[in-house]
Structures are given as structure tokens and as C-alpha cells.
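Chain nomenclature is as follows: A, B, C, D, E and F, assigned in order of appearance, with residue numbering initiated at 1 for each chain independently.
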Amino acid sequence: MTNITSSIHEKLWTNAKFLGFDASFDEASVVVFGVPFDGTTSNRPGTRFSTSAMRPESYGLETYSPLLDLDTGDVAIADMGEVSLNLGNTQLVLNQIQAVVADVLSANKKPLMIGGEHLVSLPALKAVYEKYPDVHIIHLDAHTDLADMLSGEKYSHGTFMRRAYEFLGEGRIYQFGLRSGCREEFNIPGVYQEKFDITTTGEIIKQLSGKNVYVTIDVDVLDPSIMPGTGTLEAGGITYRQLEKFFLELKNSDMNIVGADIVELSPPYDNSGSSTATACKILREISLILANK
Amino acid sequence: MTNITSSIHEKLWTNAKFLGFDASFDEASVVVFGVPFDGTTSNRPGTRFSTSAMRPESYGLETYSPLLDLDTGDVAIADMGEVSLNLGNTQLVLNQIQAVVADVLSANKKPLMIGGEHLVSLPALKAVYEKYPDVHIIHLDAHTDLADMLSGEKYSHGTFMRRAYEFLGEGRIYQFGLRSGCREEFNIPGVYQEKFDITTTGEIIKQLSGKNVYVTIDVDVLDPSIMPGTGTLEAGGITYRQLEKFFLELKNSDMNIVGADIVELSPPYDNSGSSTATACKILREISLILANK
Amino acid sequence: MTNITSSIHEKLWTNAKFLGFDASFDEASVVVFGVPFDGTTSNRPGTRFSTSAMRPESYGLETYSPLLDLDTGDVAIADMGEVSLNLGNTQLVLNQIQAVVADVLSANKKPLMIGGEHLVSLPALKAVYEKYPDVHIIHLDAHTDLADMLSGEKYSHGTFMRRAYEFLGEGRIYQFGLRSGCREEFNIPGVYQEKFDITTTGEIIKQLSGKNVYVTIDVDVLDPSIMPGTGTLEAGGITYRQLEKFFLELKNSDMNIVGADIVELSPPYDNSGSSTATACKILREISLILANK
Amino acid sequence: MTNITSSIHEKLWTNAKFLGFDASFDEASVVVFGVPFDGTTSNRPGTRFSTSAMRPESYGLETYSPLLDLDTGDVAIADMGEVSLNLGNTQLVLNQIQAVVADVLSANKKPLMIGGEHLVSLPALKAVYEKYPDVHIIHLDAHTDLADMLSGEKYSHGTFMRRAYEFLGEGRIYQFGLRSGCREEFNIPGVYQEKFDITTTGEIIKQLSGKNVYVTIDVDVLDPSIMPGTGTLEAGGITYRQLEKFFLELKNSDMNIVGADIVELSPPYDNSGSSTATACKILREISLILANK
Amino acid sequence: MTNITSSIHEKLWTNAKFLGFDASFDEASVVVFGVPFDGTTSNRPGTRFSTSAMRPESYGLETYSPLLDLDTGDVAIADMGEVSLNLGNTQLVLNQIQAVVADVLSANKKPLMIGGEHLVSLPALKAVYEKYPDVHIIHLDAHTDLADMLSGEKYSHGTFMRRAYEFLGEGRIYQFGLRSGCREEFNIPGVYQEKFDITTTGEIIKQLSGKNVYVTIDVDVLDPSIMPGTGTLEAGGITYRQLEKFFLELKNSDMNIVGADIVELSPPYDNSGSSTATACKILREISLILANK
Amino acid sequence: MTNITSSIHEKLWTNAKFLGFDASFDEASVVVFGVPFDGTTSNRPGTRFSTSAMRPESYGLETYSPLLDLDTGDVAIADMGEVSLNLGNTQLVLNQIQAVVADVLSANKKPLMIGGEHLVSLPALKAVYEKYPDVHIIHLDAHTDLADMLSGEKYSHGTFMRRAYEFLGEGRIYQFGLRSGCREEFNIPGVYQEKFDITTTGEIIKQLSGKNVYVTIDVDVLDPSIMPGTGTLEAGGITYRQLEKFFLELKNSDMNIVGADIVELSPPYDNSGSSTATACKILREISLILANK
């Protein structure tokens, strides 16, 4: 029987990698990593479990995307696992994430970060901004995340884009799918906001031709029917089909997409596993887009 | 440290109110209350738990509605809690609900009732009819609820509108989103019925300009994808986006909306909490519409 | 009190039949039966429980379909229960299913089979092909199921249509709603494939006028928002409304529909019961179409 | 292939019977039937679904009981399905149940009823009392069910034993495992009550040697750890091992057990299926005891 | 009908109070309040939802405790709702909790705090210590919570008792039910530790006769079979019956119990509701003990 | 900020290893691996997901066992991930598992296999038997697994021990905790069987002093209250405390434990995560025992 399996070293494997992303850091053009932080979540916590749920779930997905006509087997993507974070200290966590993103960028690779809550995008934006001071942000979300304070705190999943706005300035942030916020958040000068839908992404993406762009996707931009596993549910979201149109627009654009993140999946709130499977599919499509541009 | 919090009386609060509706009965123009009755539910019971699930869930919602551009902070709404009901006696329960609705109406306030099963709308309609004999009913539902008998009973969630029809008469009931019933229920003279969709609400609302109107929303008008937490599931329902169009039509109408109810949420059947969150959002929009008309 | 219920024989009943399908085999024009097999399921097993979950759930459905304006009370349908299968032996199971379908067809009745995983359709197609060598297949699915091998096996839920293609030949298979597969599966000669949607069913159904047609519906053609209870989740599916359009096309067609199946419902993955309820509704519509053509 | 399965009539079957109880009414010594009524449930409803969940679950059980060294294959038990009940009318339901139990008793068979809520035991006790005016009751329950009124009603799952006490009189009721009730319910003259445990069942069973005895088991006598799927949870219950000791005492007793019931399983509150599986095992043991005495 | 219900003011009520604890602050001898904080939870968060789940669940409980032969209707307990906390700032939250507990103590009432994670006990212990410098602590828990640091932080649910030890000193802390911790945590001088069980509570309670004692109960001291709804699961815990023995020891002791807390219930992880119901029962027993000593 | 985190290579990690078992194959004395096979499961499938659920869950556990006073940080254990299996072909899967176990044994290391269904133990026993022809088996299980055939198949989770008995012979198999099987399975000559409990493990372990022993633990030996997440539920099982006694007996024995396995965890059936957490704790204790003997 030894001719069936000659050695344990050859025949064991672990499903520790998203979608079989097994390129080394050096080989990869896109670097995927998880940041399991949900320390400022004001409603339902649990995004800390997103990556540990997504990795095994991702094995149900094909490597080929019929939508994009691209295959992850044709590109080099590294899954570097989770960033080691001092979870009890928000400021230190933000510094740790920023250092990792800066490290990926300095190696001339594209970061693809999996949250965690949306505050984790702030240090990513900071690192990207330091390398690309002219960066523009495409932001899909149910919430503006432009509050100045939340529960008395400046650094929160509900304020992160306000903090980013303070260093990015006007004319840099493009928000889509918004359907929640206080009145003030819908009146910030120099922020593009499409409420309720994402019908104008195509037009904006054309405007941003040739520019450096970072894409941040809060999965709650999707309707809760398809994405119940998230922290703050807002009915009236977009369908996955609408998101697919956006993916095609990204693929066909002339922007320089310098990085991206996918945040706010909270697996414990969807026992069916459907939210996690959908997040995995988004990850596949975004990683293919990043790797092929 | 005593300067941080000077007294327990100032620093404690309870989340006993929907959406922070803390006006007193006297101050309020809209009076919200729960009727946790599901005694005739023929399929999956549990609507008795709707309000106890909705109150804490409602704290995840903003007070501001981007759809309506209105804020619950600008209006006076009272959450009076649950009506005390003799749950084992259906006729007595109906009488108790009718008395409460009559009481709210006699104070020239608008009742906004949270079910419970749909039978609770019958006494509300009776009380409204007694004050406004010319009242018209806008009824969103997957089911016609026009059966004459259900399980051998005259008073049931599946017959309530037939009983109301008996005193309201023809030309008063407008039903939308219907997709279940026996053949006879789709052939009641003098009842307007839009099957499968709610595309004609705008037209009907225009026809009802200037009239007294009561609105009753069975959450199962929504597709089970967005509202699995209800008693009787019927695929093929409307999306939340379609409901939003209806809300705008209500807001912009010239009808005199004299009251409303939202019924048939059954939280135990949706562990994700999404159905409950969606019901809370419907409550916010309807309460804002009632308070601003 | 004996006048209330004269005898236990008259007053007891079991809910062992789908939707009250209580015709005998001889009386029936349509024969419904379950094949609780999920032995080759590569991702989330559980379709073996579909029929035991569907039967009690089906009692929440009306016998009347407003969509089709047909009532199961007007037709003769037999629910023959589950086929007795040697579950541990895939080849024997396939033989057993084929024999049952052949038996139904030889009695000049229409088989309506409830899976189980999609591999169960292969022996059904074989039996249908033996009686109707010119049969055409309408196949709704998220996946092409045209792989040559899966996990090293030739007979699998992901390869069943490839095996059928080997005896049916080109020009016989029409697939709709596809959104997953490897690149090769989207390039099989002589297989009609509509990706992502089912907008062309009407046109194809017209082309197939007068022909013998078998319809196989994998419930995962629906979006996971409405059908989370299935083995392999693929976001971007069709809505139930789109399926209703297809049902009307079937009802109004001139095809000779010789049989059908509904497969891949996995109840353990949807605790809300919504997936099961939706599968029951599909069963009602399909059984009405078969019985009325 | 036709030699594998010669005819559909021979090879199809339904899992409509508990544990394969397929004796006819006439053949059987024990008659099992379900009464899916939960109309007066004051806390969490859902016992109406007990039998439809138990039947398919029961197929995971062996027919042989190692505890009792008895096998259901050696005895004749009929599963007559569910009693047809007018669910909206409590008094009529009680009459219907009483008539069925009387019918079974008049055929000199032993009724084994599956609830439903505990109120269904009242008409069973009435029917048993009419045939055996000297009957004694062994009652396992977390609750005394001896309240005079509940929610203003005389007939309720919380008052049923008080109603039975009114016709049975003192010295007939033996309660075990009690751990909830108001103070008055623990001071009813002539009712034997063991609080918190069932250590005295053996002694009482000896006292009842030679007597006619009816056994009613509310599954909530078990600790919620093993039986979360019930309407009213009370920590501090007995273990299944303790229940097994009771089963052995029943098997070895000299009482004439004239009937029994098992009530208050509410499957929707235990998604693991464990509560339902445990109820099935209790059903197997009790049916074996009844059939072998 | 107006004689049925004369006024809405009389007939409406809310279930905002635990177990009907409706005494005012001034009337009460025991003051119950929630602290919905889980900011340092290292494993599964969600204790922030404990009180909003417990309040409605508590209505399934009787006011009478057969175990203690006491009734909450005979004592004056105030449920003051949740403490308003700045959730994003751990140090500020600790200060806010300490101020509230101090406020209750200064009014010569007994605080009964409902967590939240176990770190909330630290400020309670501080406030108690300031009033009663000789206070002793009875601590039931699966974990020692005596780590010096967790995830690099000094203030955490896993370190809170180490911080308390620093001001309480040796000979004051008595731990029971411990079954998790690193080796060092089991070797802290001057801390009494019973591993795996709570058999010595009776003896220790006798030793503490006449002393001021604070009781802190982490619900994870119970076995996960009865308490799956908690953050960090440790098999091998005590049964609820063992906890009942402890309650009787407390009731019959001569200690001066100056306050208590019940922490670490995380409702989202137990969809059956059983964990929440059990926590409510613990709350009833502890509040009765505090109010009757 | 670069001094915080100098390089992504140093700061990223994956939680791909059970309990941090990061020794290499060559360093390790114990080799852990998963065999995610559930192809013959007759009731509820899902054990294929055990290891992907256990790995992330295991991070909630301490490395130190207070029970055994041992720490995984002090020993060298390798987690080699999952064995790559041809899941559609049972015989090939069995060969693949046997080859892996033989490979581990030939390197003079101890295999610790995580199932998967119990059939996976058969090839492990075969490989162990080939190296140690005198091996004795300690088997904890609710079921005897001694049937000759199941669903017409010889190789099944319900027959595996019968197949092993055929080559091991009499006097080698010691079963504990049995409470399900057909009558014949309790009468196999030369198999030691303790029904219902595990009180005699200590005595048997003494008898086996000095002998080569393999330990196979089906988690369903535990009561469903603590282990609902398994395929076939049998009430009346042992408590975790009883299992702890067994662990101490193993630790203190003089047997040569040559390998072990832990099988039948089915995570999808316990949404609370408690079953998975308990399985992880069993894994920690067994791995510590193997590594320290």
C-alpha cells in the first residue's frame, strides 16, 4: 500500500489559505491578510471571526470566475494569515495595521485586507496616502462612517472616514450605497455620496481614469437578505448582481487600484453560512481584479 | 470620581422604548404600543415576542431617516409599552385592543400598533371605523386574509379582513402584494386587489386624497429572503426597496392617515436578527410619516 | 360526546403527504417521490433530509396557486413517499432510482422526483431517455455540473450532466442561471448555456414546442438570500419572481413535459425554514404544471 | 435492470410512522397518536410541531432498547398519526381528544398520546377516569400545573392538573421533579409532591402495586441542558439517567399502566435536534413498557 | 366597552423590568442594574446583550422560589435599567461603574449588577472595598481571572481579579469551580482556590460568618451543557443543582452580603434561550437572598 | 512607526494549527491530523467539517491543563493538517488513511487522528495492528459499531469495529459507555462491554498494564446535553466529568498508548459552538497524555 502514499510529508495539507492562495510573499503581486479586530463595534460584535470562518468556507468556491473570465490559478496571490494585533489597545492596533500595509506597499505589492470592523480601514488609508498622496477612495457602505464622534470616541467604525477625510481632504472620497447616518453626515463638503444605490459607480470610475484608487467594501452595502451576518443591519441595500456590475466596471477601468479591503462580515450572526460564502466570493473577485490590473 | 456621575438617578436608563420614543402620552401626536397576541396563528407562532425583540434591536437604528429626510428627534412619539391582554380569551383580547385604540383616537392622537398576529388589526379597524365611518384601508400582505372561516373559526388571522369587510363594506379595502389565498378570496366584490406586487399604490393613494385612511402592514408582504421571521412564508414577495417607494408615496400624499399597524413579525424564526431589524426600520419610517402629516 | 367523533378510524390522519397529494398510484397522472441521497455531496451534505422537512412544512401552503390559477384539489397527484435506497452504494442507488422512474413512465404517468443531491437526476434522465430518445433537458442551476471528474470520481453531483451529455448528445441540454464552474465547463459543444440569468427561457421554450422535455431544477439557481438551505452557495442567483416567470412560460408552452425533478434542498442549513417553504412552493407549481399539461 | 425493482408499489415507502410502528389499529395493543395543540401556551409556543419533527427523527433510533432489553419489533404498536382538531376552539379540542382516548380505551388498547402542550392531558385523564374511576396519576414535570387560573383562564397548560384534581379527588395524584409554581400550588391537600427530584418514584410505584395508573411526562422535567426545546425552561431538572431509573421501575412494577402521554416538546427552540431525539427515545421506552405489561 | 379598560394610562405596561422588580430606588433594599460592556472580551463577544435578552425572558419565571421558599412579591427591589456607559473607553467605563456602585452603597442599599464581561466586577469591588475595607470575595468561575496581562493589557476580563487582589490583599479572595488558567494563576499566594468543583463553599461560608462579603458569579462556572451562551466555554463545569446548594448555603449563612453580580452571559451564542432563562433564575435567587438577609 | 513592526514576515501568522501545535513532523513525538470523511454516515452528516471548525475554536483554550497539570508548551506536537482524501471512493479513502497512520508509526511517532466519522478508525486500527499485532483497543462510544452490515454495506461507521474484530480477534476490544445497538451487537464473544457508563475503565486499564493500547473516542459517548453536535444522538450518556476521570486513569496508567483518535464531531448541528469547544478540550487532554507517556 505504500505506493499509494509514499510519505506523510507529501500527502498532508492544511486549508489555512483563502481559496488556495499559496504564493509566497515574494512571489505574490497581491497580498491578502486578515485583521480580526472589532473593538469599537457599537452594535453586534463578531467580525473578529470573519477570516477563521472564511478560510474553510472558501474551499467551496471554484477558482474560476465566470463573471470576470479570470482564474486564481493563473495569478500569484499570497495569503499571509492574520496580523498579530494587541487587541485590547485600539491605538496600538491601528499602528500595527498601518505598519503592515506600509510594508506590503513598500514591496510594491497590493494589499487586500480582510476585516474586522471598518475602523481597520483607517490605518490602511493612512499607509496608502503616505505612499500615494493623491489617492482617491471608492467606498461602498450602508453607512457614511463620517460621524465626528461615536459613544464619545474619536476612533470608531462609525467615524473612520471622518478621520480619513481630515487628511485626505475634499474631492477624494466617493461613497455609494449609503442609507444610514445622521443628517450631518450627509452634508460633508467635498465628499461624493450616492444614497441608496450604486448606479453612478461607472461614471465615477471613468472620472478617476489614470488615478491611484483604493477600494473599501463594507459588506453591509448589500441588502441584509443576502448579508445578514454583519454588525449593523440596514434594509434596502443593493443586490449581489449590482455588486457584480461594479466588479466589471473595476476590471474594465483605467484606474490604478493600489489596494482594497473587505470588512464587517460577522459570521456568528448567520448560521446558514451564506454571508460567509458571499464574502468569499467578493474576495475572489476583488483579488482577481487586483492581480490582473 | 463623584464628579463623573453625581447620582444614580441621573445616570441610569432603560432601553424600554422603541427608538427612544420617550414622549409622554399627553405630549405625543403618535402613540406606539404592542399587542403581543398570536392565539389564532395557524402555522408558526411567535409573534407574541415581536415587541420584546424589537425594542433592544431598535437601538441599532439612527433616529434620522435619509429616505424621508425626517428625524424622530424632531417629533413627539410615545411608546406606551405592551397592552395588558387576557391572552387565553380571544374575544376579550379583541375588546381590550379596541378599547385602547379608541382611547388613543379619542385623545386625538394617532395609534401605531405593533402586533402580534394580524387578527389584532380587526379591533383597531373597528375603533377607527367608529370614529371615522368613511375610513379606507390600505393593506399590504402576502395573504388576502379574506377567508370566511379558518380551522372552523370565524375570528382568525386568516379571516380578519373578511370580518372588517362585513362592517366596512365595498370600496373601502385596498390590498397589495397578495400572493396567497384560496380562489374565492380573490373574488370578493368591492375589494381592490393587486396581486404579486405593489406597483399601483401610488395611483390608489392619489385616488384617496383627502380621505381618512388606515394603513396595515403585514411584514410578510416582503419576500422571505428579507423577512424569514414571520409565521407563514410565501416566496415571491416584494423587496424592501419597493416598500421604500410606498413610504415616499405615503409621505407625499394628501390622505389623512389616522393610524397604522405593523404585524406578523415572529422573531424566533430568524436567529440572525435581520427580520427584527427590518421591522424596526419600518416602524421608524411609519412613525415619522404619521408624526409629520 | 361520542357524536363528535364516532370512530378513531375516521378521525385520525397523518401529514405524510406533500400538500395533501393523496391520490393512489393508479389514479394519479403525476407521481411524486423522494430520493434522499446525498452520498457524493462535496461541500455541505444534508439534502437527504429534504423530503422529511418538506412534508410537514407543505401544510402551510394553500392548494390554490394564484400565479397559475390552478388548484391541486382539482388534479390527481400521488405522493408515494421515499424510494428505498441502499445508501452506501452509489451505483446501486442509481440503478434503484432508474428503475423507479422507468416504472412510473411505463405506467404512462409523469415522475416528479424530489432530491437529494443532483446526481439523482442522472438515472432519471437515463430512464426518460430510454422511453423518449429524443428528449430535451431544461436545466436550471447555479452550476454547470459538466465536470468530467470530481474528487477523482466519475459519478458525482458535479459531473452528472456530463454523464448525461455522453448519451444525450449535442443539442439536447439547455442550461440557465449558471454562475459557477471551471472554465472548461463553459465550453462544452452543443450545450446551450445562459450565464447568470434565465432571461432566455421563454425563447428556448418556444423552440422546443411539441418536443418531449424533462425539467430539472437545482434550487441553488435561486439567490442564496432566498435559498440559503442548499449545499453549495453561489451569490448572484435569480429571484423567486424570475422563477415565477419561468413557471408561466412552462404552463403556457406547447412542450410535452414528460417529467421533472427538484433537487439540492438541504434543510439543516436554514433554521428559519424559509428555504424549505420555498421548495414546497416550487413543488406545488411544478406539480400543477405537470398535472395540467 | 427491471429485475432490481419490479414495481413501484413494492419499493416505495413513507417515514410517516414513529419508529416504524406499523401495526394496524386492530392488531395493536398500544395506540400512539399526536395532538398538535398549543393554544394556551403562555410562554414559548411550538409544541404543535412536536410530532412532525419526531417522526423523521425517530428513524435514527434502534428498535432495540438496551435499557429495557426489549425490541419494538417484537410488539404490535399502531401509529395512527395526528388527531384532527379544530385548533381555534379550546373546548372543542378538549372534547375531540377525550373522544379519541375513549375510543382507544373502549377497544381495550392502551393510548400513548404525544402532545402538544400539557392541557391535552386533561381530556385524556377524563376519558381514563371514566373507564377507570380509581385511576392514579404519576406526573413528571418541572411545574405543578395546579394553578386555579392562568391569564384569567380556567383551562390552560398551567391549570390542567387542578381541573383533573377536581374530579379525581385527593390521594390520586403523584408529582415528581417539581421546581416551579406559586406558593399555593405547593400546598394542595392530597397531592403527593416530590420537589426538585424523582428519588421517591420507586417507593410510590410499590405503593401503587395492582392499581390502575396513568403516566404523564412533561419533558421539561428534564434539565434544560438536555431538553432546551420546550416552552418554559426551568434549570435544575433531572438527568436522562434518572429518567432511565424511572423507566426500569415502571417496567418492573405490578401496576396496571392503562395509558400514558409525553408532552411539551417544542422543536423550534432546539436547532440541534437533540431535544427531539431525546423525546423519541422516551417514546420508544414508554411504548415498550406499555406493550410489555 | 369602555368599562373594560377605562384609560390607556391604566391599561398599558412595559416589560422593562427584570422579574417585575418595580420598586423605586428609594423604596428598594436591593438595586439591580445592567452594565452592558464587553470591550475586552478576548474570545466570543456578546455579553453586551445580556440584559436586553434577560428582561423579556424573565417574564417566564414565577416570582416564587420553591428552593428558597421566598417570593419577590414580598420584597422591594428596584430595576434601574442599564448604566449609561462610554463604551469605547475602558477606563472611563470602569470609573462610571464604580461611581454607580458607590452611589447605591452610599444609600445603604445592596447593588446587584448584571454584566457584561467580568471586568465590570473590578470597579464594583473597588467601590465595595472603599466602603467595607475588610470585604471578602466569593468568586464562582471557570477561570481564575488572575492573569497579570491579557493581549498585552492590564485591564481585562482575564485579569480583573489580579487587579482586585492588588488592593484587597491576601486572605480575601475565595474561588470555586476553577478549571482554566495558566499554571501561574493557580499559584497566587493568599487566594483560596477550589478546582473543578464547589464542594467547599459551605465550609468557607461558615468561616466567613459575620463578615462583609461580596459575591461574584461568572455564569461559565456552570457546565456548557446548561450554559452554552457565554464567551469562553470550558467543559467540566458544575450543574445547576450544585449552584442551588450554594444558594441555600448563602441564604442560611451569617455573612453580611453587601452586594453581588452575575456576569458573562452572552445570549447570541444560545439560540434556544436556555442560557438566558437560567441566568434569569440565578438573578431571582440572588436577589431574593440579598433582599432577605 | 517602523520600529513597531519591522517586517510583514515577522508579524503575520495563521491560526492553522490546533492549539498552536507547531512542531515539525521530525521534531514531534505526537502527530495530529484530520481525516474529514463522512461518506457512510447514515443519519446526520457533517463530521467532514470537524477540523476546520476545531482549529479556530481551539484558540480559546489555555495550553495548560489543570486536570493533568501538563502544558502543551512543554511538549512537541505536530499538526499536519488534513489528509488529502479521494472522498468519493470509500475503499480508496480507507487505504489512504491506513498509509498515513503507518507512515507516522514507522517514524516512531504516535498518531492522533481527528475524524470524520468512526469508519476512519478502521484503517488506523489496521495500521496499528500491523505494527503491534498484540494491540488492545479502548473504545468509548454510545454505539457498539459491531453490526455486520448497515444499509447493505460492510464498511460503515456502524460496522467498523466488527471489521476490526475480524482481524483483532477476541479479548482485544474493550467498549465503554454503550447505550445503542441491536440485540446481537451486545452478544459478541470476546468483546468487553460496559453498558451505559464508564465506571470500569480504571479496572480494565490496570489489567492492560504494560500492553500496547490504542484509544478511540467517539464524542457521542458524552451525553447530548454537552455534545449535541454529533451525527446520532443518544440520551443517557456520560458527563464530561466522567471523561476527566478516564483521562486521569490514562495518564497514570502503565499502558503503552500507541495512538488515539477522536471522531464524530459534527459542528453544523451545534450553533453554540459548545460541542466544538468540548472536542478541542478532549484533543488537548489526549495529546498531552500521548506526549507525556
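Note that a contact is a pair of C-beta atoms (placed from the backbone, for glycine too) under 8 Å apart; a residue touches a chain by one contact, two chains touch by 3 or more.
Predicted model, so just to flag it, every value in this text is computed and none were measured.
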item: Touching chain A and also chain E, the following chains; value: B, F
item: Rounded Å distance, chain C centre to chain D centre (Cα mean); value: 38
item: Between chain C and chain A, distance of the C-alpha-averaged centres to the nearest whole Å; value: 38
item: Sites on chain C at which at least two other chains make contact; value: 44, 223, 225-226, 269, 271
item: Category of the chain touch graph - line, ring, star, complete, other; value: other
item: Residues of chain F defined as touching chain E within the complex; value: 59-64, 66-67, 69, 71, 223, 225-226, 239-241, 244, 271-274, 277-278, 281
item: Chain B - residues contacting chain E, complex; value: 1-2, 4-5, 7-9, 11-16, 25, 31, 33, 49, 52-53, 55-56, 79-84, 92, 95-96, 98-100, 102-104, 107, 271
item: Residue ranges of chain D touching chain B (in the complex, touch as defined); value: 38-42, 44-46, 48, 86-90, 92, 150-153, 155-156, 268-269, 271
item: Partner chain A, residues of chain C touching it in the complex; value: 43-44, 178-183, 186, 195-196, 223-226, 228-229, 232-236, 269-271
